[in-house]
Amino acid sequence: MLDKFGIAKRIAQELKDGYYVNLGIGIPTLVANYVPKEIEVILQSENGLLGIGPFPFADDVDADLINAGKQTVTTTKGSSFFDSALSFGMIRSGRVDLTVLGAMEVADNGDIANWKIPGKMVKGMGGAMDLVAAAKNIIVAMQHVDKKGNSKLLKKCSLPITGLGCVKKVVTELGVFDITAEGFKLLERAPGISVDYIKEKTEGRLLIVGEIPEMELN
Amino acid sequence: MLTKLVANADEAIRDISDGAVIMLGGFGLCGIPENCIAALVRKGVKDLTCISNNAGVDDFGIGIMLKTRQVKKMISSYVGENAEFERQLLSGELEVELIPQGTLATRCLATGYGMPAIFTPAGVGTEVAEGKEIREFNGKPYLLEHAFDSDFSIVKAWKGDTHGNLIFRATSRNFNPLMAMAGKITIAEVEILVEAGELDPDQIHTPGIFVNRIFEGRNYEKRIEQVTTSLKA
Amino acid sequence: MLDKFGIAKRIAQELKDGYYVNLGIGIPTLVANYVPKEIEVILQSENGLLGIGPFPFADDVDADLINAGKQTVTTTKGSSFFDSALSFGMIRSGRVDLTVLGAMEVADNGDIANWKIPGKMVKGMGGAMDLVAAAKNIIVAMQHVDKKGNSKLLKKCSLPITGLGCVKKVVTELGVFDITAEGFKLLERAPGISVDYIKEKTEGRLLIVGEIPEMELN
Amino acid sequence: MLTKLVANADEAIRDISDGAVIMLGGFGLCGIPENCIAALVRKGVKDLTCISNNAGVDDFGIGIMLKTRQVKKMISSYVGENAEFERQLLSGELEVELIPQGTLATRCLATGYGMPAIFTPAGVGTEVAEGKEIREFNGKPYLLEHAFDSDFSIVKAWKGDTHGNLIFRATSRNFNPLMAMAGKITIAEVEILVEAGELDPDQIHTPGIFVNRIFEGRNYEKRIEQVTTSLKA
């Protein structure tokens, strides 16, 4: 079973040289730590920064320089700043190659829910609805089951929707799944996880074709 | 002579009265108009509708105006950092309209650009789409979203000049130039105010035509929500 | 009768301190030369400049710095450059206080034609349609009659329209006119021009109320 | 590594083929991509649809491509400086769509911002409105105008870096940043090319994400249409 770092590591394998990537808050942010050395990816922050660098040294913290998670960050070589309309302009016009998001639920048709639990949590959608409605390629980093052991990979989302049919791939502590017309297609198992266990933990339609390899994490 | 210069925040907001619709720049606590928020609290103006991406934290930013119950309605995209906000919202004391961040930004842009409405795919198939017109272009559905209609815009810039030209710094730019274009009356507070002619015309982010009042703010706290650091090797 | 400089001088009297003004090509451009010393107006050029300065000295000519008429210009204190979308944004959102335009024809309901003579001239509308559709206050600087002596202040424009019902005031070599519900309201006569002469040269509805003063040009 | 750098204009336009729809930045002769225009003439590609505010003059800018009959259709706002253009237009050799300048600019913006269409009051009641949808907002009529769909955008900037970030100079900015956002493939030629990291992130007008190919141009003529000067006192 993967921990959150493992999930981030596995998603980092999806990065390609020259990609512009938007990383959501939480596990997605960790993906930045596992970018393969031989490639260059440029991280976009929807508040208005292209080229997010690592966290600053304590002496260099700058209140004017934060990411979309409101954490202090730095720039990299070739960074640019812009306003939030232009930022979502790049997102809507398909210039961001990959978006990695967290989710509370994903349905087997690619629907995603990650912004609201009615009566319980009202934080708002931030940029998530814009990202899922417009991004070319969306990978979700999420827990496969909730604390009670219930599947979060569902036939249909029970929580308010963030976007319809937009997720392309899901990486959980149990495996890697493509969203296909036949539902979640299992691509890889997490180390030590059996296909049967994944079947048991997946409520949505699960497609298993041939032998499913265990994923390789460097 | 252009008379955009005002002495301070209190003079800048002098005619903001109860029930006004105001836009406030900033993302989280980054790039917020601290001086004007403090002045609005001093003035005690109430029943405000505030359009701002976030609602501050419990004791800073718009959060202060929530504590003093000056805000009737918030229009924001994310309000997760504010427990008092959540309490007022769940108890029904505060009216809240949550809208996608890109929609918020683009509706500001629409106002500033004299476009009455825009189309965006954000929110199609969600609660956000309820009651809104949906239209397909090239087979893809979009929501029709209207430009904002606000009485005042209050923004914070790094540098400004006496003609109202503004330059922002790093990610404190965020919604500020968009809202600067979108107010019937736009108020800008700046960290550094210079005479017209001292800023490079190629580097101005907001041309002065959009700014009605400007002043140099004082005692910026520039609080950080999450100080995250790297260790030196 | 006014020459083109006189028309420009008279229009300059309409300027108010702090105005943002867009001046069209031709006579309107001349208005800049007659801005009263005691006021400050800021000229907007729709290609992307706020704060147009005088023509440069020969040594300072800069190919990258032109006005909407493609003439080399300079900046003033407080100038800013921007792209053409933002430029028309300011125009459409009503931030430009006054637009001065030339015209081939104006109708007594405020319609204006100034971009095309079918079969003869096809230069294009440039920014004129945007300006007339959105500007808060539009003053037209034009010749009252064509070379054959025919009125260009008409009941209805004969040429293709640039904008409907948008002109607020017209200044010609013969006088100053407000556009009202009753047509062209004569406000001032040019030096030496009689009301009867103006009547003769105006095809559109002409409203004359009381004594019409001769205009004063410093 | 990002591989946006190309050797020259010929390499930059290598895959522009007959019948392509291309946007070309510039206003008049100010800020036009001189190197790429010359390369298009060398390549002899034809039946082009060109979207550009103007059509150059008889022997410079897009005017050269008109002389060589490479252009099938021009989409512009003002073409008054070009006699060859007028001849081809009146003789029916050249297809021309004239649209208001603000509409041209905003349709580029719409493409870059992923907005399928915008509303503008420009052209209501005129020939431009023929066949277009009109819609009222707050009692005022607007035309629905669609985003452009172009294959290539070719722009000229003053400075650029190897990541494709662009900085424009004075009024040579004009349509360039708008078109830079609007091409399926965007080609930028710059007067001065520097390494990524040398430009101030606050001063970049076009973030590199919009630019696919970049090169340092040569021998800029920067012709002026109307040299107007003042006499020294």
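Chains: A, B, C and D, in written order; residue numbering restarts at 1 for each.
Assume a residue touches a chain if its C-beta (ideal position, glycine included) is under 8 Å from a C-beta of that chain, and two chains touch if they have at least 3 such contacts.
Just so it is clear, the structure is predicted and the values come from calculations on it, not from any experiment.
Here the chain-to-chain distance from chain B to chain C, counted in touching steps, is 1.
The chain with its CA mean position farthest from that of chain B is C. With centres taken as mean Cα positions, chain D sits 28 Å from chain C.
If you average the Cα atoms of chain B and of chain D, the two centres end up 33 Å apart. The distance from the centre of chain A to the centre of chain C, each centre being the mean of the chain's C-alpha atoms, comes to 56 Å.
Multi-chain contact residues, meaning those touching two or more other chains, occur in chain C at positions 49, 81-82, 85, 88, 91-92, 134. Among all residues of chain B, those that touch two or more other chains are 106, 113-115, 120-121, 168-170, 173, 201-202.
Chain contacts here follow an irregular pattern that is not a line, a ring, a star or a complete set.
Chains that are in contact with each other form these pairs: A-B, A-D, B-C, B-D, C-D. Of all the residues in chain B, the ones that touch chain D in their complex are 106, 113-121, 137-138, 140, 142, 146, 167-170, 173, 201-203.
Within the complex, the chain B residues that touch chain A are 27-31, 53, 76-81, 86, 89-90, 96, 98-106, 108-109, 120-128, 158, 168-178, 205, 222-232. Interface residues of chain C, counted against chain B in their complex, comprise 17-18, 20, 40, 42, 44, 49-51, 75-82, 85-86, 88-96, 134.
On chain D, the positions that touch chain A within their shared complex are 1-3, 111-115, 161-163, 165, 181, 195-197, 201-202, 204, 207-210. Interface residues of chain A facing chain B in the complex, by the touch rule stated above, are 45-49, 54-58, 61-67, 69-73, 75, 81-85, 87-88, 91-92, 111, 116, 122-130, 133-134, 160-164.
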